[in-house]
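The structures come next, written out as structure tokens.
Next come two complexes, and both contain chain A; in the first it sits with chain B, in the second with chain C.
Moving on, here comes the complex of A and B:
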């Protein structure tokens, strides 16, 4: 098995404590704002995508994706 | 001959990473945090013993000398400025000696020394755990996820601990900073592994992070620490493997799970 490079979402000092709920939410919003600004296929936005996928439980991501599609997402995207 | 004896003697001493029957002390530390907790416990225990011996000496002495024939006249001293000052200042210095290592440990537990190398999410369900290793997803759907059920009482193989083993362990690389994100899917749970010094509550709607650096390879057992209903005894087993084996172990685990 080839050596895999281990990297993940870095520690963000805006969210220094144990509660990372907001950190995960912020990364999700950042990704979608980046997509809106740079277009759907921008490679730069993939960094944010990796961060939110590392931090957020799948259940939350699925729920937010559904909300986004139905227009009920609770934050401006 | 002496080497054989020593080898036999020391091979029987294995690190305590799971609860032992009638265990009094902590499990052996596998992370710097747990080692810090154990050291703090020793620091506090020293002062505890000092105070205990001093107070019990005074109590026993008072009881011993309370005798109508031998000591008919009690002392009539009610004031004494010097002793009052000493007995106020001295006990307030002792908590300072306790507080220094205590706060040092508390704040060092929160310090971000280096960015974590891996994030593992532990999702609590009633009554099993699922773990997500999502650092390498290229889309929202595909993710390395597996469930971890406690092996029921009737099923364990020879040598397995009752109600402590699970079917799929959390495989982590040793000597690597990792971030655990703990959250539940339904009701509050708590992800606890005593030998790693971790106890992180899982509260619905909130995602808590805790930072672990497992210093030695091994298998560490823990239990959910927030009782949530019948048949609740479900457990957490963390297996720390060398970094070079980590990649293959995790992909094997995923293959086994999907099959």
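Moving on, here comes the complex of A and C:
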């Protein structure tokens, strides 16, 4: 059986405590800023995508994606 | 009357105002709760209660003026009561407003992800602090200076000048309230617009309410001064109004800097 490599987002000293909400949000925004800067298919941005997908609950990701589509996402991107 | 008692304290006559004030407070609170829930008659009871409380304040304080100025019961010892009472009341008001400023700081210093982690939240129209707020910021302290002028006039026995100074104080206050009202009227956001609106309007709204109460207090002092109630040595009511006014005025500076100026950029 091949070794399955399990990884998650690295611990970030900016977000030291148990509540990682802002960490998740920051990675989500970073990913989208990266896409905007480097173009839709940049491979470098996939790193951020993996981070936010590990940290954020699916419900939040879905809600934010919907907000982005309808133009009501609250943060500047 | 006061010559026949062998102590310098004031034992008040029985009065109906405490109970009427309590009944007014009961009506206000019950009416308020009824109004905010689907019960009939809530609005009526709430307004009746508020009117009753205002009436009680008027007649109670009228009695205090009668007992002190006209009947002479307020010796130095008795005056300490209202003095300390006013100071403690002002301290309690400071605590009250502090709560609203805390709320404002809590929401604005670390804005939540639900509003995008930014302040002011996206889409909220903020008032330019360099317009009306900046204009009002010198007007209220000038009014505070005018009240100090009035105080010095009273202490120097210059009664007419004190009346003029109080008129100046009140006019400045009314002008600043007028500007603030205009600003609220044409503000781009309302109290229901996100946490920004809630904290902004509740903090500035309560401050404004205190300015109006202070103005009313000063108008009454002006009337009393005109009628000759206040003397050089004895004018506790005026001093209480002046302290209250300085409190209102100093408090104005904090929201200007933290809410209008810092919170808008």
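By our rule, the second predicted complex is superposed on the first by the 76 of 77 C-alpha atoms of A that agree within 3 Å, B and C clash if a C-alpha of one lies under 4 Å from a C-alpha of the other, contacts with A are read in each partner's own complex, and residues count from 1 in each chain.
The rule is simple: a contact is a pair of C-beta atoms (placed from the backbone, for glycine too) under 8 Å apart; a residue touches a chain by one contact, two chains touch by 3 or more.
Please read all numbers here as calculations on a predicted model, not as lab measurements.
A.B. asks: Is A:21 contacted by the first partner chain B, the second partner chain C, both or neither?
C.D. replies: Both partners, chain B and chain C.
A.B. asks: Where does A:75 make contact in the superposed view: on chain B (first), on chain C (second), on both, or on neither?
C.D. replies: In the superposition, A:75 contacts chain C only.
A.B. asks: Any idea whether chain B or chain C touches more of chain A?
C.D. replies: Comparing touch counts on chain A for chain B and chain C gives B.
A.B. asks: Could you list which residues of chain A make contact with chain B in one structure and with chain C in the other?
C.D. replies: 21
A.B. asks: Tell me, which parts of chain C touch chain A in their complex?
C.D. replies: It comes out as residues 113-118, 121-122.
A.B. asks: In the complex, go through chain A and note every residue touching chain C.
C.D. replies: So the residues of chain A touching chain C come out as 21-22, 25-26, 73-76.
A.B. asks: Which stretch or stretches of chain B touch chain A in the complex?
C.D. replies: Residues 110, 112, 115-119, 121, 123, 132, 134-137, 140, 143, 145, 173, 176, 179, 181, 183, 185, 200, 205-210, 243-244, 246-248, 251 of chain B touch chain A in their complex.
A.B. asks: In the complex of these two chains, what residues of chain A are touching chain B?
C.D. replies: For chain A paired with chain B, touching residues are 1-4, 6-11, 13, 16-21, 24, 50, 53-59, 61-62, 65.
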